[in-house]
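One chain, chain A, links the two complexes that follow: it is found with chain B in the first and with chain C in the second.
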Partner chain A sequence: MVPHISAETIRRWVPLFVLLGLVLFFTALNPHFFSVRNFARIAISATPALMVAVGVTFVILMGSIDLSMEGTIAVAAVMFALILNRLGGSVVGVGGLAIPGALVVGAALGAINGLIHVKLKIPSFMASLSLGFVGVGLSLLITGGDRILIDDPVFRSLLTVRFGGFPLMTYVALFCLVVAWFIQANTTIGRNFYAIGGGEELARGSGLNVGRLRIIAFVIAGVFYALGAILAVARLGIAETETGRNFMFVSITSVVVGGTALAGGSGGVWNTLIGVLIVNVIGNGMVVIGLPDYFQDGMLGLLVISAVYLSMDRRAFSFVK
Partner chain B sequence: MSFIKNYIEQQMLNRRKLLLLSAYGLCGAAFGASVRPGRAAPASRDIKVAWSYRDRTNPYWNGIVSGGEAFVESLGWSSGDLINLINGGSSEKSLSDVKSLLSRYGNKTALAIDPNDMPNCRPVVEAVSQAGAYVSTIWNKTDDLHPWDFGDNYVSHMTWSDVQPSEQTARVLFDAMGGKGGVVHLGGIASNNPAIERLKGLKNALKSYPNIELLAVQAADWDTQKANQVMSGFLTRYGDAIKGVHCASDTMAYGVIEALRAEGTENIPVVSYDGNAQAVQMVAQGKLLATVFTNPHWAGGITASLAYHAAIGSFKPSKEPKEHREFYGPAMVVTTKDAKDFKAKYIDSNPQYNWNDFWALAKGPIQYDT
Partner chain C sequence: MFELKNVEKRYPGVHVLKGVDFHINDGEIVGLVGENGAGKSTLMKIIYGAVQPDAGTVLIDGKPVHFRHPRDAMRAGIGMVYQEQSLIPNLTVMENIFLGFEAPFVRMGAINWRKMAKAARHQLGKVKLDIDPATITSRLTFAQRQLVELAKVLALEERVEGKLVILLDEPTSVLSRKEIDLLFDVVRELRRRASFIFVSHRLDEILTLSDRVYVLKDGVIVDVVNGKEARVESIQKKMVGRDINEEYYREDRQLDYRDDKILLELDRVVCKGRPHEISFKLHAGEVLALVGVEGAGREKILRSIFGMTRPEKGSIRVEGEPMRAFSVSNSVAHGVGYIPRERKIEGIAGGMNVYENMTLSQLKDYSTGGVLKLGAEHELARDWIRKLSIKVPSENADCGNLSGGNQQKVVLAKWRSSGSRIIMLDHPTRGLDIGAKEDVYDMVREMSEKGVGVILIADTLEEAIGLSHTIAVVKDGEIKQWFNCQPGSKPSPYDLIRYMV
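The block that comes next holds the complex of A and B.
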């Protein structure tokens, strides 16, 4: 007898099948695709985006949205580079303070974002989008439009030193992902994010301080954006306002493609990992098989639509807004 | 918060400079009036000089603005007297900024502008000439639009032909590759004119190097991070077959070089375009083989100067020959041989340009494909 597989189970595993399907597809067209060296390349391009996408996952789980990442990344990257260069230019020794420094910057911007959203009762979409613009402007003011170069070989070893074929930054990102998973699955705060996303009125009625939890989610998101900023700087050795560019599109797309519902309450950081890999495998694979880039954007667009469609049981909705 | 302190200090310094320069400017004006008795000194202070451009996150536009500021300072004004209109890549914003500026200052406006895209040039120029103001444009203009059709108000248009310099960098690259092997090209946004011309230059050079194979062309949208990803894709697809990389801009070359560095293969030669400070530095260090410098500082100053001097009547644009109304800007190939001298002269400092010598660096009239 064929065991019964529910639609829900299929829905949960679809993103992973899509990822495997893409890998098979690209490998069939160009066997070079399936090699450790290429997977390392995909990993390098995916790690900063993974951190950012994991950050925004927490916010999306609550049914809110955060679009401030480009500004937050720009400010965190630039502040990281400034502190590092001011304190001797090496992460070994005092210069290492640049890392907590950048994380504090990310947390602070996240806190402001959350406070504006909760205290002024401005929809998260608008509050975070506006704050993102403020961040871009701020980083421009700090740098005057210049690029800051990071030449510290110890810091750049995140990219240049490899274990098992993958650069150090991959392992750093995986470690942070596990921390995020721990927050999501094993802390009260993490469980409460799901509660808010599943039904805010119910969560409020059960005595949860929803406002406080929302602010915490934005702070956690800000810290992960800062991690993404540090890894993005490690990847290119350049910190500038442009460092944040394109992360909004990539991270939101990844979260959605990974199967986390925009309405909140379902999904999580492992979905996000799959989503980030899907987006980066497409980016890499399109070049590897030699398709022009407009196909790439078009294919991503189609994937987002199908992912959003599959992420929830649409029959439950009578209308969408 | 040292950047705020720096900013305040800078502003105070600017104020001091302004006082000194305006004192100097007054003396100069008095001197000018005294040696040219037949002609009243123009009421130049009434004219507002504005620069309209894309953004401040790009070294190119920062170079343009630094030139514009150097020009207004040469008038004895402070750099803050240059009005900055930033369109952020939107033609609609570019046009509405210009209209607001015109409704405020009317025919007292001297505007230097990159209209962001070609179709936007006409409405900008028409708005300016209706207001009786003066405009000089760079980069974006349709082929059927000419300054001489607008009398004096459309002062000039400068653009750059990137085909020839891009061909030169390609030749430098091919020679470094020993005249054989595979090359990949990372281009700008596919519909942008410079992206098209820079690729064309590469293809022209290919004709005289039969053993060089162009493996792939891919747009990386002038973006460092995207170029980084595209280059790693290329490495998977072609591996060791890639012997050289031709980039349409410096910003993309940075991403390419980091992608190569991640693989531990840093000896593949790379050439680029734009001559940004960081790129010239890299050429001097031998990390980059060549780039092309288009002198945004001079372009920013001279474009503002042309509009300003037409506005105060120093020269009458309609009396000038056509090659003074539409012309190519300068382009210099910087290679490892001359990078150090070049850096000292053009990057670490800016040469003192004579902003009244409008066509000093111009490279002849614009040619149209018919």
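The block that comes next holds the complex of A and C.
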């Protein structure tokens, strides 16, 4: 019997093929694209986005959406910088409390987001969008619009110290990704997210506390946003309201391009990794082949749409919402 | 004449149809029977153009045709009522009936709702369903929705010229006796124009209605028999490949329940929207059947016990402890399990695989500190796949792809394995083949022996009588009559019907 390759299997691998295809394409146009130096550049731009996209993956798996990331990142980044500078300015010693501090801020904002969505029964789209604005406002209030500089060499080593050509932050992000995968594949909450995304009635009928699980998902997402915030600060050495900018579009597109269904129930963090890489390879590749700025944005949009087109099985949806 | 020649279909890990030849003469009613997972639904979907065969030809009056999509099939006069309900719940009944075929009601881009309602009423009249066509579909009962699906298919009668072929995939499994008779009348009446393929696990129905019966086993047509001459037993044997036990309901294994141990007590419970109080006790090892006509309020009782709706008055005690928080998670934590009738919505998570579905309600027992024990999960699934002979390539198969009956088996395994002490079964054998029904009856007996209390809404009166220790006849939300059902002194269906209507 010939091995039977179903449409399902093919669809699962399409995002990876798209990624490989893009790499080949850009390499063909400019061989410099295919170098450790350039890959490191892609990795640096991709790491904070990866954390944010992984966070929102959990929410999307449940069939909800979270748009609060820009606000959460802004607040977490600013709080991180403030705590760090207040406590001696170095992550070695008491200043290190800035890291758990930022994560707690992310978790708290996620919890508020989840509570508003679940307890007040406001659609996650609206609840999180509004909360995102509140976050941006809050961070402006804290900083008064100023930038906070961080010059702790130990913290900056996330960017400056390299192994095998890639900065430390890449490895940190990969480690967090593995943790996320563990949550997704090996814990009850991960399994339950899939169940809720697959059918909420069924999840309820199986005795799951759906409301609580939703809140947990938003909390986990918040923690990952905060991780993204810390890495973003590490990259630039600056924390400000603007730190959160652009993450909403990039992270949601990455999740979708990676093949996680917006309707919930299928996909996961590995898909998100591929998605983030696709988006960043496109962004980087356009620079490498020398397209002007205004052209880049348009092309990015078009490429994203075609990637989404290729990576989703539209026959599975009766309606595309 | 409609013909299939040498049709082949494979899915990863399963060879579903192996060179099937099949034909239907004009005006003929053809029965199609076979075990769960034999390939009946797949065959029907191929005829309907919803699934593409890997090989083989489809001929209408000797001319080859190719349906790429159900729309093509509909244009050729082929209609299908799916096994799992396929109406869109948030649309109105008339929108569902004319979905995709609104053109005759559109004038200058706007739908003439009045005209559509009139046409819909005409279609509903064919199945004697007296409801407002503007009703939102999700408000209807399960059986009403089934009739709407039928009405939707019957709309072909006006839409298409010429001959029709209508495919009915287990249309009767949710209908009451009266509705089944009505369906059969409709079918017989339409014979002048249409031929039918009729799938059911109730062989007596198949034999009363069909001219010819195809027996499908593991994707091969093993026999074609004349409907008038065939006998139920011989068909059963061909389907299952062995003799069916005489002691179908396992009455010899019915033990006395434990009088002294009350698992569940309802004390003057008033369900929402029903004026009557309901009280009963369920003992360890007891099978209590609720019988009544469709809409008598049996399901409401189960849903209250499961914490899905809060009763207006009265108290429910589980093992002596009054239930305060009415939530499903609370009930599940107290050892209550519920196998609902609507498998597609509340039974199976499509997209999750077999073992994930089975352990979903009992992840606590399959994890330590929130971390799953995947090995144990796999083992549980393999164990139950064997026990209930569930037809799957492996425990990693997506449950959404299983045949209807096999999905039902997964749901049964899920609740049985979770160690619930009170299990409520709403039509547990719906859509199961004879062999699988036997397995379920065995399972019920085994549960009783272990001291589990079972509340049953059975598929047929015979099943209720055969399986239960006690029967409560429910009418208009009130328990009208109790029957004791010890082996040897069981009531007859006639005794029950008197109180049902």
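Keep in mind that, in the parts below, the second predicted complex is superposed on the first by the 292 of 321 C-alpha atoms of A that agree within 3 Å, B and C clash if a C-alpha of one lies under 4 Å from a C-alpha of the other, contacts with A are read in each partner's own complex, and residues count from 1 in each chain.
The criterion applied here is as follows: contacts are C-beta pairs under 8 Å (C-beta built on N, C-alpha and C of every residue); 3 or more make two chains touch, one makes a residue touch a chain.
Computed from a predicted structure; not experimentally measured.
Would you mind checking whether chain B and chain C clash or fit side by side on chain A after the superposition?
fit
Angle at chain A, chain B to chain C, CA centres, as a multiple of 10°?
Placing chain A at the corner, the angle measures out to 140 degrees.
In the overlaid three-chain picture, which partner chain does A:Gly88 touch, first (chain B) or second (chain C), both, or neither?
neither
Just checking: does A:Arg37 make contact with chain B only, chain C only, both, or neither of them? Give me first, second, both or neither.
Only chain B is touched by A:Arg37; chain C is not.
Once the structures are superposed on A, label A:Gly265 by its partner contacts, choosing first (chain B), second (chain C), both or neither.
second
Touching A:Ile238 in the superposition: chain B (first), chain C (second), both, neither?
The answer is first: A:Ile238 touches chain B but not chain C.
Between chain C and chain B, which one touches more residues of chain A when both complexes sit on the common chain A?
Ranking chain B and chain C by residues of chain A touched puts B first.
Taking the superposition on A as described, I'd like to know which of chain B and chain C A:Gly96 touches: first, second, both or neither.
In the superposed model, A:Gly96 contacts neither chain B nor chain C.
If we overlay the two complexes on their shared chain A, which of chain B and chain C does A:Ala195 touch? Say first, second, both or neither.
In the superposition, A:Ala195 touches chain C alone.
When the two complexes are placed on top of each other via chain A, what is the minimal CA separation of chain B and chain C in Å?
Minimum over all C-alpha pairs of chain B and chain C: 35 Å.
Which residues form the common part of the chain A surface touched by chain B and by chain C?
In the superposed arrangement, which is not itself an observed complex, chain A uses no residue for both chain B and chain C.
Enumerate the contact residues on chain A facing chain B in the complex.
It comes out as residues 30, 32-33, 35, 37-38, 41-42, 44-45, 82, 140-142, 144-147, 149, 159-160, 167, 232, 235-238, 240-242, 245-246, 280, 283-290, 292-293.
In their shared complex, at which residues does chain C touch chain A?
Its residues touching chain A are 10-13, 88, 308, 327-329, 331-333, 338, 340, 345-352, 356, 360-361, 363-364, 367, 370-372, 374, 414.
Tell me, which parts of chain A touch chain C in their complex?
Touch residues, chain A against chain C: 4, 6, 8-9, 186-189, 191-192, 194-195, 197-199, 201-209, 265-266, 318.
Within their complex, state which residues of chain B touch chain A.
Touch list, chain B to chain A: 3, 7, 56-59, 61-62, 216, 218-219, 223-226, 228-230, 232-237, 239, 254-255, 258-259, 261-264, 278.
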